[in-house]
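For clarity, chains are labelled A, B, C, D, E and F in written order, and residue numbers in each chain start from 1.
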């Protein structure tokens, strides 16, 4: 169950409104690396966690609600970058060709579709999609998904930080970067509390997987190469359950055979009708 | 540059063709956890790796080509499950209502659109999308994305293994599960060869992130709760750069203010025309 | 800013787990008429509302948070319909062909991708998309979008209510239908508090629109028809600003002319090379 | 059944070709608020209308065919803005960096994919999708969807009108704005001819909905607030069937419980293999 | 400009309503091979045709309007297959588990979202998308796209014809198959009226393309193979402008080098902060 | 089975890095006319080809692997256009407003999401989708799809060639244009080796299609027109199986009737509850 309060989680100020930056900020709202993704991902993961793991469900829900607040902060930042400009957009449009170019270089839907406010889309105007969300039902897999999500999210935030000179925007991003640091750490820590989670899913009986190829680095080079002696071709595997080895060749055992399709499919190209 | 050979990487046999299973296998081809995702993800990641990290580019490309062969194996499995049936589909269709139900329960496009063969879609017929691919340009982030991809991929493969009784299909899946074990391990190993990669991106100067909130677990519970004393509210953080702490409250510093939109947007609802 | 509490907004019980119904419930989570749509739609609308309309922003945010709780209730309902079955899925799968059909008739990703839990997709497994969200920046237009969203949402809920016999599910849906009744009424009421909002946007000067065609019903019938004397071909218009009239013909004034493309486009089909 | 004539419904002229405006016009063709949406929406709605409501089916089809003509007008406008430029694009490209910027700021696919003509995409190049179409089978719900569609469509058209200075384009938009005025009015009028349509669907027996929460405004504020005494917390509801009331709290009755998943799902994270 | 008439282009009758077939018919409405695709494709192609080719624009528009009528016929067929059943759906739902399975095997949104009518989606419920439409601005390329569209469309129609036993449906499909025969022939004929259109685009000066590789079949086999002496490795090319030859190898000239990214991207994985 | 080698199929050099061109090149990677489409299309087509047509399967697979190498070349070209710039992006960003405009005019995700490297998206940032892929199971239909794909692909490449002045880029494109010439020719040649493939699918018995309308050009003009005496209204049809004729009218035989929906759908708008 959710509640809200008319306050932003952290202060959002914009000194010099910059509609170009408003376009870039959309990536952090509705993009692949954005806050809509993590907020919803943590919720759906939480709702799958059974009773004996309540502490993980709580951890996920605590963070999901925080991320909802980040969407709100970024939406506020977008609106302030789009609207705050002192002079009328009408003047601007009518002045020069260069301005016209500038306006279409911005996200045109931030003017046309939303009346200068934030949208559930990325920096190219591509709509947010449930495809970004990973919630596999397997907690270890989900935690790795979360480490990844916070890694790409923090990388995005640092790139936005590099792009802008506005002190207000830099401060907001500095807060979001810090939260991503925390979240990366908390998901890694949660992984450490799991007992032997790799390879995911750990509950699959190892004897049922093919024993010849489960710790073998398989080269796909056209010409056979000698073992390059890398950490992933020899030595112990990180899961502690095998020894890396090297195969210069793919097995290549399978014959390529496609059975004939049923005649109802009319796949046959060249047999003319009656 | 790529080459091919008319052989499957590993044998694919189907004893008892099962069009229902053909539908489920599509998830492993064009789905969020499927082989098209990883093959293309590793390629795009590889193409971003600069010269000083050639060993990682090679690692990524070696694996990408292997995954292309997995798509091929699964496509072969789909065709064999759809086509191998001894009696004519025409008879089947015309026999009973139950069969009609069965046919629509299968992926109807595997008959209607592809003439009983594999498609670049998931088990619901939703087309493969570039949205599934994570290639951030940051190697550490990408490697976490790969661990995640192989984790959810292996989880999918084990669920398919549980579903089928066909010895040929179980053997193929046992091979694919083994390869996912290897790939999870190789990406984890590659992460270990990086020097201090967390928090991703590690090159962002830590002093520029907000120092008050970067190791603080922030509760979003409606009523303030005492520190639950979990591994993510106290103790050292996994990145070795901070100490977890606990905040019972979100900062809540920000005022919710949206500036007035430009009048050109016609956002104003109730000011009638002249 | 958002908060959460580990309780469901309203009780969710399932007497007889029904994985088929779990598939249908997905429509109310991630579908065009679902709760993800309204929760996010109300948020994005709220974030665009300027200071002088705070009461509408509050109204939108109050409801957005309630809708988040509805997603949670439905996710719980999905999990209980998928998981609660007393006998092992393994037995079921291995028993009969009919069961196999049943399993693929269900949403296969609810087993394959999410381990028997809810997903951000609709009843066909099509992922949620930001395309469903309408947030135009114009409050009157947004309120009509909300009336529509609650109308199609309530219609969906009544169809689900008709489909199921489970008393727990019927009770949950009875609650959600009631909330949709309230929300339809509150958005209609909010529209009534606006001063003269139609035609949306009301701030566009009426004299700038074409005065010949703004209250004329234009027939597109192949053969000209006499005025059918319907409420939309004669009498006062609902906006109180015009009189309906009838035109048996489209104006048809425009000449169809496409200028020649630039030769750089190579649109010219039949001019051979050098 | 449909017919066509080689004439535009209304004259389309462009004095000063502006490829930037061509990009913006795409929103009115293939965007969420565009003409493809309404043309197809009205068709699909019409095809669902049963015999006793023929007058509504006719109303919908009459308008659908008109909207097809609007797509055609806008496509003509796009082509004229892209192609009419007097000097060769080749010169332009090779002149300056600024032009290069301008060309990529425009929709690059209007050059690359369509050879300077209109496309079934929005102003960001995002393809038109059936997701935009609402056709619920319930006439009242569909009519509200149409009021909304014409509201957001007219808002878009006024924003395009504000953006351009070209007299031809302003005239075309003035016509389209007028048609949207008419269409908003006709759908509102059609709603008024229905007998008691709210709450949609009106045929659901009111006694089957939860009687405690169907006219109650439910606050989701973190801290309980007194009744704000708004038109939606007290007084008669617009459907004439209830009295608004105020609840400072969500019910919060439900226990959060996810049953254990089947072991076939391998959701269990930390139980190692054999 | 478009017109309509309340009649179907060709009679549509259903003797035995079959909701399963209704689901399959959706592929011919909103699917990759469906009528929405061709109707819109022909329109957008027509709108790009410049003055000197009016006969092709007319040809395209004549056919576009016919295809709109095919969507209408198929929508009518869907409604009749979904709704015509004599006994109440309510009884059916409540009877048996098998019926429940059947209902979810059908397209659930045809009940849940559209109230038993046609939708702008394919047979899996995936929404129609502008991605299906090919309109390149180059007439020859567009005509090949049309041959392809009618080929896959006719293949789909024959598969639907094979599936159903209903005489009404078989008759409707027999008509649609005939129209696809005509349309394939008309596009092929139109191609023949073009002067030397291959390779598309024919206006690109042949001397500007690489002269070494424009008629060479390039083998990608891992091991070099001798010329297989196929019609595409030797002899005249169909465009009459070259002679096929065979290369046992890809050129392989290019060095794989990715320049270093800018440090602002934070691509560097392992350089820790200050 | 696939193999790779660390070399580009053909040299890729960039003299003057141009991030704007990098954006345009994305169309040739992940766009509707791009190399991801053809590489995957040829694979899926190949996997459907049964034993008796091995030569076509080989032809398809040979070319698929070549196209993978084209994606790689283009990805290299993107990286070199984005990264090669001598001066720091940081300086550039901070210099002028014009640069800010330029950066947002480029694909912002090429900086924000990928750290200056190629992405699986088109020139507008719209992600690659399996919707672009045509693999019908019918070889003749597939070959026409391939002619079309290479036609639109070559058209795209010539437009990119026209746009750029960079000698390295022009040389790379000249190679890709040459390969498209070859591929168009090889698919046309393969079509010629088929025995009587039109109309596709040729195996459907011609007597089962409606004999009245299979070679008739059907006018949809509002007013009846006399036979325009075009090559598609009279004379022999290209498939050699009929004679074109002309119909000034659509048949118009069908009555528009939608049966009543089941009351469970609550389609009835105005029948209030109890």
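By definition in this document, a contact is a pair of C-beta atoms (placed from the backbone, for glycine too) under 8 Å apart; a residue touches a chain by one contact, two chains touch by 3 or more.
It should be emphasised that the depicted structure is a prediction, and the values quoted were computed from it without experimental measurement.
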At the place where copies chain D and chain E touch, is the share of residue numbers found on both sides over half (same) or under half (different)? same
Could you pull out the chain whose C-alpha mean position is farthest off from that of chain B? D
From the centre of chain C, which other chain's Cα mean sits the farthest off? F
Between chain E and chain A, distance of the C-alpha-averaged centres to the nearest whole Å: 31
If you average the CA atoms of chain A and of chain B, how many Å lie between those two points? 10
List, in ascending order, every residue of chain A touching at least 2 other chains. 1-9, 32-33, 47-48, 57-58, 61-62, 65-66, 69, 76, 79, 90, 93, 98, 101, 105, 111, 113, 115-117, 121, 124-127, 129, 131, 136-138, 140-141, 152, 155, 158-159, 162-163, 200-201, 204, 220-222, 250, 252, 256-261, 263-267
Line, ring, star, complete or other: which describes how these chains touch one another? complete
Would you mind writing out the residues of chain D in touch with chain A in their complex? 18, 20-21, 23-24, 27, 31-33, 98, 101-102, 105-106, 122-126, 152, 155-156, 159-160, 162-163, 165, 220-223, 250, 252, 256-261, 263, 265-274
Quick check: in the complex, which residue numbers of chain F touch chain E? 3, 5-12, 32-33, 55, 58-59, 61-63, 65-66, 69, 73, 76, 79-80, 83-85, 88-90, 93, 111, 115-117, 129, 131-132, 134, 136-138, 140-141, 144-145, 147-148, 150-152, 154-155, 158, 161, 171, 174-175, 177-182, 184-186, 188-190, 192-193, 198-201, 204, 208-222, 228, 230-232, 237-239, 242, 244, 250-267
Partner chain C, residues of chain E touching it in the complex: 1-5, 47-52, 57, 90, 93-94, 98, 100-105, 107-109, 111-113, 115, 121, 124-127, 137-141, 194-197, 200-207
Could you list, by residue number, the parts of chain D that touch chain B in their complex? 155, 158-159, 162-163, 222, 264-266
Chain E - residues contacting chain D, complex: 1-9, 30, 36, 40, 43-44, 47-48, 57-58, 61-62, 64-66, 68-69, 71-72, 75-76, 79, 113-121, 127-131, 133, 135-138
